[in-house]
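Next come two complexes built around subunit A: one with subunit B, the other with subunit C.
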Partner chain A sequence: MSPERWERLLREVVQIGGVRGAAVVNADDGLVVHEAMMDELSAGDVAALASAVVLRSAAMLRALGEPVTRMVTLTATAGTVVAVPGQHDLWLVAVTAPAAELGRLRLLLGDLVPELA
Partner chain B sequence: MRSDAGHAFLDLGERLRLRGQLEAALSVTEAGAGRYPTLAAAHDLIGRIRADQGDDDGARAAWITALECDRRSLGALKGLAFLAFRRQDYGEAERRLEAAALEAPHDVTILAALDRVRLSRPAFTEDVITFEDPAAALLLFDARGLHLAGSTGESDRPAESDIASAAAIGVIREAERAARLLDLGSVRHLLIEGTTHRIVVAPVAAAGGVMIRRPITAPAGRVIALAERAVDTARTWIEAG
Partner chain C sequence: MRVLEPWLAEPLDELVRESNARLALIMTSSGQVIGQHGFTRSLDVMAAAALGSGILATTAELARVVGSDGEFGAVVHRGQRHGVWLAGFDTPRGRWVALVVFGRHSTTGLVRLFFERFANRVRDVAPTPTSTREVLAEGFERELDASLRALFGSN
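Right after this comes the complex of A and B.
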């Protein structure tokens, strides 16, 4: 995928109300492939930490007989991390403020999954 | 109903049931089930005969057995939903039909029944939170990842609850680390969605956590709300225990 296409994709995500930033990360090594961070968030931190969470979550799902993970949503008191998988260990990760439009974000990320392929 | 060679008793039992000869139907089917004890269709048919006889407890036991033989048995899922609806347990009826819809997503009779149950359900009623009922698919585990109570579902495989407990505490710990380092505050819950199920895991203070597992047809917001209530119940359960 071209850098322009990554940028367009991430721009769509960060335009949703309450989204602080978004990144495409490689879950295998926890590195940033592309980013669109809006505030003081470090894309590197988000990539490394979100990768660890999605890998653990996917492993748990596999242990329960589900080979495919479609979305992981971590909700904390001061924000949310939403991650959807693409191909080749790429995940699209968004970090939001507590009052973000989570329903809209989930739908958009679901729609964008084929583009990560 | 069409049956495989060797399972002709299913056709005979069903014909007798439809004719209203329930005792004869039961006798034939129970004999067949004795010969093929792991055949879900036999237990499903016994469930329908028992339900026709008005023996809800017997029907439920038969359908539970059918699910133990085949966790995807549509007849058993629909039968258990029917019994739950009849006793106005709309939460269980909805859960059973959601599981059935997962197996047969284009079956309009199941989707219509699901709509009917949801419409019948009074607004703002809440599912009962219990860790004792395997059908609730609620799991409670301690801070070391040891299984305390509940299960991942009534048809879970041996040791599945132990595996789920150990895995879930690892997920919670990783989430807590991420939330702390990203300044996101305390973890409330994780919603992990696969192709067939939604799973929510949530910490119960420092005492451990809960897991709830529902078919993907269950609304995400409702599964999360249920998990949040389960956390409160778990806290009480642990303090009382």
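Right after this comes the complex of A and C.
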């Protein structure tokens, strides 16, 4: 996928109300492939921590007999992290503020999954 | 875990724990070991220290050749089962080197993140050296023995 396409894809995500940033992350090495961070968030830190979480979530689901992870959502008082897997160990990760439009974000991320191929 | 200086234990423990590292080695840029986690044989740690500091020195020269300002931030090797993170960082005691070996339960990004926190913490808590001791030939072997005992117990 071209950098322009990554850019367009992430721009769509960060335009949703309350989204603080989004990044395409390689879960295999925990590094950022492309990012669109809106505030003081460090994309590198988000990528490292999100990849550690999604890999464990996916492993747990496999252990429970569900081989395919469709979405990982972590909710905290300070906001939410939503991650959807693409191909080749790539994950699209979005970080939101507490009052974000989560329903719309989840729908959009679901729609964008095929584009991560 | 073994450290030559007690103040290093907590930052090193945090680095190892948070990054899921299998082995960690903290040394001076000349290869003198300051702390280690996971190594069981002094021969292994001395070899790793010599190779790690050598690799970093080589890449610093490579950085110079390609026109980079200073050394590369970090050198990362990824194998089938293990990865190695090797990076230099400044401390009040001079430039030190960290070598972190991690397995499949960690990632380069995770090690990078917690290495940066470790380096910042060491900068904050490392006591500034009060005087530089001259290492005399007759005292060198005794100091080396004491360092190895501290790093590997009574071996």
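In this section, the second predicted complex is superposed on the first by the 117 of 117 C-alpha atoms of A that agree within 3 Å, B and C clash if a C-alpha of one lies under 4 Å from a C-alpha of the other, contacts with A are read in each partner's own complex, and residues count from 1 in each chain.
Quick note on the criterion: a contact is a pair of C-beta atoms (placed from the backbone, for glycine too) under 8 Å apart; a residue touches a chain by one contact, two chains touch by 3 or more.
Computed from a predicted structure; not experimentally measured.
Model built by superposing both complexes on subunit A: subunit B and subunit C fit together without a clash. When the two structures are aligned on the shared chain, A:Asp28 is found in touch with subunit C, with no touch to subunit B.
Our angle of interest has its tip at the CA centre of subunit A and reaches the CA centres of subunit B and subunit C; in the overlay it is 110°, to the nearest 10. When the two structures are aligned on the shared chain, A:Leu49 is found in touch with subunit B and with subunit C. Look at A:Asp111: by the touch rule set out above, it reaches neither subunit B nor subunit C.
Once the two complexes are laid over each other on the shared chain, residue contacts for A:Glu7 go to neither subunit B nor subunit C. Set against each other, subunit B and subunit C touch different numbers of residues in subunit A, with B touching more.
Minimum Cα separation between subunit B and subunit C in the superposed model: 8 Å.
Put simply, subunit A uses residues 45, 49, 52 to touch subunit B in one complex and subunit C in the other.
Considering their complex, residues 78, 106-110, 112-113 of subunit C touch subunit A. Note for the complex: subunit A touches subunit C at residues 25, 27-32, 44-45, 47-49, 51-52, 55.
Of all the residues in subunit B, the ones that touch subunit A in their complex are 152, 157, 160, 163-164, 167-168, 170-171, 174-175, 177-179, 181-197, 199, 201, 213, 220, 224.
Against subunit B, the residues of subunit A that register as touching in their complex are 41, 45-46, 49-50, 52-53, 56-57, 59-61, 63-81, 95, 106.
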